[in-house]
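As structure tokens, here come the structures.
You will see two complexes here that share subunit A, one where it goes with subunit B and one where it goes with subunit C.
After this line comes the complex of A and B, so read on.
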């Protein structure tokens, strides 16, 4: 663990608290953009924040005690993973903590009796299987290029667009999956076009649904942080990278409705895995060339 | 108190701007259900109001009911309503949901859904067109701003004159019901909150 001075700790705490607001706004812009693609007006940019506030302000919803505990764990672990990256900690630990957060959510979804929630939990697991290897490959590629797993060192060694350009592919797949976009919306979709509109979240209501949503936003914040790490020293380039990958994700979302879990797995591993593998090879080649030269 | 107020404003605003629907069909002719689904298509762009169609009463704020109440579905309708968390509103779409419609007086029909749950907005028509159902929802959402005390079933729509029964009271073929016409004029002035 990296020793933090009080000021840095304050920045990390503040950043971690503000992250859901930023992700909420980003999702609001995303819903606006999607509506524009479909020639609709779309909801206000603040819509995701309205939704979460409304859910938190609902009269209290009873919840299965086990599921509630797991949902709380999901939120805390996902937030912790993000805070770890922000604090310059070990990226490998951060993505493993994120995996634990994902797993808590899946267990929360399968802890209840609803067959829809169980089905959603199973599919959530498929998405996890599709994306978790990619996450680790991305982190290893970063580490090879930077010579360290610490996110501070990786940020200092950025940008990596030249060293490992194909890293953009697994990052796009991860972004699409974390935002639950087609073809990764098979577990629970915000759109009516999926066969399972409410899967894993079926039994969650009121404040608990808001906590689940906030946990998902932290997951998205981690993936966005991974994207930003590719050009952390050039904020404008980093923002452009996020925008470009987001655009790819929106196009994929609108062109791949009703994808099956097999398609999701195939796309994740072919596109993301292929890109990550090439990135690994280029990173190794670059580092050996650097060592020889 | 003063620091509390912007927060309360934000919460009330959020509740009004995020009406999630659950749609329950009590068993009319399905005409209204088609119109409700039609209302949710991109053509009417209900998402601009924050409308999301959720399949789960516990996640919904607005209950859209179609069809007449009968002894068998009354229990289910009541259960769906009771599962929704406050603040919540009920929109009864169509004549059947208002007072039984063409099924009124049938031996198995209790009347409108107001016999079972407290209805906040009745949307006229058999079936009401999609934009009118959407207007009914727009009329109802301000009621979501605050948690209201528990309410008892509202009964049918309150109107000063008795329900129209005489055949010669009906608008002539090809002529628009003046009541519906007046409602359409109202719609022109609907502004999105």
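After this line comes the complex of A and C, so read on.
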């Protein structure tokens, strides 16, 4: 159940408001790291935050009314999903709300008949089919290990990385997909150098693009929170875990080409799903043994 | 306990009215026909209210036996008649099969007749049961199903009153037959009412076979080649299910009751109990069109929209789920059967949802999503814990309302535009919002939290979390289900360039193109009957009510129903105030509903800030949309089916994300070998998960902890 005392509510509200700043900073560091890998100087760490504030300040050119509304809904739902986790609510509910946020964004992308936006929206659906099962499997694996679906109880029962180490695989796939990095950047790449690869965001501009970006940052915050839950009681380990998975994702981004939709599904389900299924079996075995002993 | 009058209103009044409608002087005239049908619907609603007044089961886990008086199977002459009735219906099926001149069907009908005659002779040879026990039972489970059948079925029939004439006219069929189709719908609802109230197996089988008969007659109603083919197929599946259920009755022995089967096999030999249950499971799988028996339901899409709605939402397919829920404790007790039913349901859920992604005919999409949802209710019945059963029933109720709304709105769209191809209806939410919005509402209630369906799915996942194969299949199916409705609404929502070919298709009352027009098609500007719109509006409001109704419905209907079926010892129910809770987590329905409302308000406010005309879509100077026909159209303005727009698995040249995509830009590619290796891994993974589940013996009930 969700705590309702004012202090906790304040912490949840504050955390939810600050989450995009943290994700923005993380992406800034990510760009620096990527630049270092590619022997470039790279943009300042604060660049993603500059970009979003600049976009927000822009006088918005005409935009599609429905798409704009759906983008706002996407932001609210993604933030709500993150707040649910922060408040100690049911993790599976948070994932379902995140699914609703994804749905809003995909609808916003498909609202305008630009071939690029339509292409992006179609591919967003593929990424949704590829990643949504992993989210559910990760949550169920946590719940089996902790004996509860509530994120507060899961955090209290951590660390799990020793008990269910293969959970790192689906988490890495989820992180790569939510940051729109290769090989899961088929719908909309974080590299903006081709018009095609901006896919789903092609028709979004100005403030509306900033809102779309903030919504994505909240989605990333949810995935990062899932990673942190693996070792929530040991902040240093949790930070190391985030860094390690981020490093894997950066290496994959720099070495793997963009996947076709079939390959994206196959990789996500085989690598991520495989890791999650092994984790699930391990967790069931462990809890059965625990119940016997 | 009395209630005979209520039962007669529920079960006997609709067929009586239907018989009157078959009279040419009434059936061919609209006013008396409509008045009679409305009276029949009203009688079932009054019957439901009277029954619930006499047997107060709402919110209480109580069970009332109701006798049919002199007509009860326990009474000697009536008992003989009820025993012989299935055999008589089997004779009707044989006659139909002979008319089709299909050898396989005749064989099946012969086998069916043999089984029913065998069961009847066993019943007649045995001593009649001691009088005093009623053949019907009213408990929360029966009341829930009855409510769905009467209320949702009633709305569908009111809609149907205005629908058939147009449907018939579009297909060049004599409008005088309209009365006959409504009459079959009425008999259908009555048969369903009998089925869910029956405790005596003879009554159950009469209801069961009558629903099969009505569905076959309604599916084949149009009489063209497609309808007759679909009718034959439905008959084949119905007969096969009938053989399984008849054999189960024969094995169960004379005077068998559903409640008896649950206690100790009800006097049935212990060896025969798994076979009886197996027969019931097989029959239920056929009735509910679970994978791999989904063929008849997909074929049934040739029928008119109200028929599809009745098959999918309020009757027919629910009968299978109902039987499995009723027998759930017995099934869960028989070791191989419980996990098997869970797996059957989970496979249906995932396979049908994934298959639906490649469809572009709206009714087929809806049909596959029905199969998918029924798979989940079946799995819930297989898990057998109180919470899972309650969640399964909750899913069934919310699905009935949402699916009825979806079918009726597709029917309205089809009447207004002459098409139900998703690609032809692209942009309908922009050009014909009133017609397309109900479908979008149905999609939202099917896919979004905290509408009842999602809450029920959540509860089923948490209740079955320890079964690894089940969870993996549910996760896959759940993702596909979400993607499916996102894709459908995404196509309806697209803002099309003015002047594109499909513009006409999406406007109410305008026929899409010349080749789709047929004799009697609606003329431009034709208004839809008010009753149709009212029926759709009622269902839309009921669907939207699902935003907050999950917990109250669980408290009043599904928790008591689960308790009466499995007893109070099988774990806690779902309802906890306005939220839904399981031992290990909670779905804060008001909180999530508040979040969804906040998102909606934000959406409205954001949309209001956008002023003026939106710019034309960015086309990179390629001029793709300047051709007659956009990306989603083949040359010549014809709809390019699966290869056109949207996300379809079966795509080839133009499917989004194919190796060389629409704009001709090659993607970077990990390539086919990688995909192949991935799929092999996926297959081995699923196998391993199934094996693990079997080896660990974790397929039983129980939440983690």
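Structural remarks
Here is the rule we use: the second predicted complex is superposed on the first by the 287 of 293 C-alpha atoms of A that agree within 3 Å, B and C clash if a C-alpha of one lies under 4 Å from a C-alpha of the other, contacts with A are read in each partner's own complex, and residues count from 1 in each chain.
Note that in this section contacts are C-beta pairs under 8 Å (C-beta built on N, C-alpha and C of every residue); 3 or more make two chains touch, one makes a residue touch a chain.
All of these numbers come straight from a predicted model, not from anything done at the bench.
The superposed arrangement places subunit B and subunit C next to each other on subunit A without a clash.
In the superposition on chain A, contact is made by A:68 with subunit C only, not with subunit B. By the document's definition of touching, of the two partners only subunit C reaches A:280; subunit B does not. Within the superposed three-chain model, A:150 lies in touch with subunit C and out of touch with subunit B [touch as defined at top]. Figure note: vertex subunit A, arms to subunit B and subunit C, all at CA centres after fitting on chain A; angle 120 degrees, rounded to a multiple of 10.
When the two complexes are overlaid on their common chain A, residue A:51 makes contact with subunit B while staying clear of subunit C. Of the two partner chains placed around the shared chain by superposition, neither subunit B nor subunit C is touched by A:25. By the touch criterion defined above, A:202 reaches both subunit B and subunit C. Judged by the touch definition given at the top, the superposed model places A:13 against neither subunit B nor subunit C. Partner contacting the larger number of subunit A residues, of subunit B and subunit C: C. Of the two partner chains placed by the overlay, only subunit B lies in contact with A:43; subunit C stays clear of it. In the superposed model, A:33 lies in contact with neither subunit B nor subunit C. The overlay of the two complexes leaves subunit B and subunit C separated by a minimum Cα distance of 7 Å.
Within subunit A, the residues touching subunit B in one complex and subunit C in the other are 60-61, 202-203.
Residue ranges of subunit C in contact with subunit A, taken from their complex: 357, 427, 430, 447-449, 454, 458, 461-462, 465-466, 468, 471-472, 474-476, 478-480, 482-483, 485-487, 489-491, 493-497, 500, 581-582, 584-588, 591-592, 595-596, 598-600, 602-607, 609-615, 617-620, 622, 624-625, 630-631, 645-647, 655-659, 661-663, 665, 667-672, 674-679, 681-682, 685, 688-689, 692, 696, 698, 704-705.
Of all residues in subunit A, those touching subunit B in their complex are 31, 35, 38-44, 46-47, 49-51, 53-54, 57-61, 190, 192, 197-198, 201-206, 209. For subunit B in complex with subunit A, the residues that touch the partner chain are 10-11, 13-15, 17-18, 40, 42, 45, 47-50, 52-56, 58-59, 61, 85-87, 147.
Against subunit C, in their complex, subunit A makes its touches with residues 1-2, 60-66, 68-73, 75-77, 80, 84, 89-93, 96-97, 99-100, 102-104, 106-107, 110-119, 121-123, 125-126, 128-129, 131-134, 136-137, 140, 143-144, 147-150, 153, 182-183, 186, 194-196, 202-203, 211, 256-263, 265-267, 269-270, 273-274, 277, 280-281, 284-285, 287-288.
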